[in-house]
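First chain written, first letter: the chains are A, B and C, and each begins at residue 1.
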Amino acid sequence: MDAFIHQVLSGLATGGIYASLALALVMIYQATHLVNFAQGEMAMFATYIAWSLINAAGMPYWAAFLLTVAFAFVFGVVVERVIIRPVEGASVLSVVVVFIALLVILNSVTGWIYTYTIKTFPSPFPKEFGIGVYMSPHEVGTILVTLIVLFLLYAFFRYTPLGLAMRAAAQNPDSARLVGIRVGWMLALGWGLAAAIGAVAGMMVAPIVYLDPNMMGGVLLYAFAAALVGGIDNPWGAVFGGFLVGVLENILGAYLIGHELKLAVALVLIVGVLTVKPSGFFGKVLVTRV
Amino acid sequence: MSRRQLVVVAVLLLAACALPFLVSPYRTFQLTLVIIYAIALLGLNILTGFNGQFSLGHGAFYAMGAYCTAILMDQAGFPYWATLPVSGGVCLLFGFLFGLPALRLEGLYLALATFALGVSLPQLLKYKAIEKWTGGVQGIVIAKPEAPFGLPLKPDQWLYFFCLAVAIILFLVAWNLLRGRVGRALIAIRDQHIAAEAMGVNNAIYKSLTFGISAMYTGIAGSLSAIAIQFVAPDSFNIFVSIVFLVGIVIGGIASISGAIYGAIFIQFVPNIADEISKAAPWAIFGVFLIAFVYVMPYGIAGGIRIALAWWGRKRQNT
Amino acid sequence: MPLLAAKNLHASYALTRVLHGISFSMEEGTITTLLGANGAGKTTTLRALCGMVKTQGEVAFEGQRIDGRATEDIVRLGIAHVPDGRGTFVSLTTEENLRLGAYVRKDRENVDADMERVFGYFPRLKERRAQQAGTLSGGEQQMLAVSRALMLRPKLMLLDEPSFGLAPLIVRELFDILRSVNEKEKVSMLVVEQNAAMALDLADHAYLIETGRIVLSGTSEEIKSNDSVRRSYLGY
């Protein structure tokens, strides 16, 4: 029974990571109707920057953490303005190819600069955080960080004028322009925020899966699945989906199918959910006007 | 096809037939792969380009075809050419069966479902329980076919012509299909599926059948690849195959038959070029190429050629 | 110097030209109406003024050229556009919609007072301030759209078919408030309408547009009293 509780709680911890990344995906989706396939690699790249700051520059963890988040934010803004904006009007598939290109470039460049040898990434949470056999200190810390990030985001969007403007720009860009909102920059900011969230997710997951250029592949996949299960246009759904997928992954892996087929089975299950509820649990069922 | 287009195609075919005698065996092998990829891309293009159904998992059908051929040759002693109809049929069936529930999913959701397919299949292929057929992680090795009837062709050359012949047949079938009612129905479904349904196009049947046919094409390509490479293993069919196929049709040109060929050339040779430019980060260079192509030719190479020809035609009219 | 002047304005959607060199002007403090049938180019005119479509020709606001500038910049000059279809942010609350109207304003401290004033004109909006804007009725959404524009403290308001889909009584109420806003707060207005009778009652001047060209202009009195014009162009 203890083991089961541990799997569930541990699943919630990784679920928090999936939830954060899923939220980043949904944010960009709501504003652009596109899924940023390169979100994982951007997070991975940011995590490597953090590693450099901690190991090569000897910075204390939290200073490196904050600097990395800031870097990721700027990086996200720049990517949107420089690489994505020129292809904004192109077909969906063309933009997907640009995302794939971004993914591949980041992965390759990181491997080139840092090599593909696996590195360890520190966890900043002291032993006292742990809860006996149920949760390791890092797992508790991860859930805390996830909740803080989610809360900050909620507060930002709900209570600040800029957050309101971003929501407006995502929902109705034409009307947003009519009240003077610079929609293009709102989009760039959205990318920046998404990248920053991704960086946090990367730094939380790296101590668990070890730092290597391919570490975010599986995570991104779960996040993608989580976002869809929650309803791709619903931020709360993304969070719910993330936690659900985290727990499912652990339970399935530990009790049902072992670790090799974990990914495949989780995906198949998710597809099963989608056959029953094609727009996810909380997504809007789009009624198209003919 | 206009007279001029027929001439162009005939000339290109002649050139294609001459190539294996003019280049090295390795180059011939690379060209054979281009033909195989072209068939695979045509399959994907029928589904995604012409019918608008997103697939991020076509590598799974490629793998299915390859393994079909390998297993039939290795365990049942089939001659290589006889495996093609079987693997085609199997993939057609699986594609159709997958297409049925996939009908309910649109866009992103379908992308995820096909992605799940693409990711799962290699893992399934490694599964211990079916190892005695699939050969597990080691895979299956098969023999290289020799030229029949004692023709004076080296094995690489024979393989090239065999694939070329299969490709010509498949391309002709597709061209006929897509040019007529079926093609129009597919495009109608892609662009305005509600209106299409209202006009009497049976969306469900067309969409599932399209999935089946698309899978069949890519599956046959997979079979040919098994014969060409003489080896199948689960790790050769990971998700990157599906992703590269998608990249191929976008670069080549969506909803274009010739696009399949341009795309195949791109995905076979550009990684090699990228590798030569930078040994350290070849995929980064590949990514840069991708972005450049999308910026310069958002409609793919086929689209770019069409635009260039139209521009040239207008220039000639004005002089 | 007129507040707004358009000279030889052309506008196109992709390759289709919709406006063929129209010219008009309006003075500060007046209400002008642009009348015409469906598809005549009325909405396109307003969008052209706001930089939302591709244009050729000149548009000047307070003497400065605004053609070719981005919508977001034109808004900052004090032009508020109430688009056709209202353009409500349906998932946001009524209050959030209103706050967005004041997004570009530098004098943040007056925004709350302005919101109270707007609620004074439209008490029903105050009742629904925390409600999701998409759940408001058609009439209420129109009031919200007008209020959102007022929150800018605009010098010029562009209204696109404000009477669309509303019961005549509500339209009368709305137009009375518009007249009141124009007189008390000196907000100039350019009102595009299909409902000629009510528009001519509201406006001081009128232009008639037909397939992208201005065919008639004058004071609303002139147009109303000219029988043949009324019958042949306005159908009443």
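In this section, contacts are C-beta pairs under 8 Å (C-beta built on N, C-alpha and C of every residue); 3 or more make two chains touch, one makes a residue touch a chain.
What you are looking at is a predicted structure, and each value in this text was computed from that prediction instead of being measured.
Asks: Can you tell me how the remaining chains group up by touch if chain A is left out?
Replies: B | C
Asks: What is the chain whose Cα centroid lies farthest from the Cα centroid of chain A?
Replies: C
Asks: With contacts counted as defined, which of the two, A-B or A-C, has more C-beta pairs across the interface?
Replies: Of A-B and A-C, it is A-B that has more C-beta pairs in contact.
Asks: Closest chain to the protein CA centroid?
Replies: Checking distances from each chain centre to the full centroid gives A.
Asks: Provide the C-alpha centroid distance between chain B and chain C, rounded to the nearest whole angstrom.
Replies: 55
Asks: When the C-alpha atoms of chain A and chain B are each averaged to a single point, how far apart are the two points in Å?
Replies: Here chain A and chain B have centroids separated by 32 Å.
Asks: Could you work out how far the Cα centre of chain A sits from that of chain C, in whole Å?
Replies: Centre separation, chain A to chain C: 43 Å.
Asks: Residues of chain B touching 2+ other chains?
Replies: Where chain B is concerned, no single residue meets two or more other chains.
Asks: Within the complex, which stretch of chain A touches chain B?
Replies: Listed in rising order, the residues are 35, 83, 86-87, 90-91, 93-94, 96-98, 100-105, 107-109, 111-112, 221, 224-225, 228, 232, 260-261, 263-265, 267-268, 270-271, 274-275, 278-279, 288, 290.
Asks: Sort out for me which residues of chain A touch chain C in the complex.
Replies: 161, 164-165, 167-168, 171-172, 174-183
Asks: Enumerate the contact residues on chain B facing chain A in the complex.
Replies: 48, 101, 104-106, 108-109, 111-113, 115-116, 119-120, 123-124, 126-127, 194-195, 243, 246-247, 249-251, 254, 280-284, 286-288, 290-291, 294-295, 298
Asks: Which chain C residues qualify as touching chain A in the complex?
Replies: 50, 52, 70-72, 75-76, 80-81, 83, 87-92, 96, 99-101, 103-104, 148, 152
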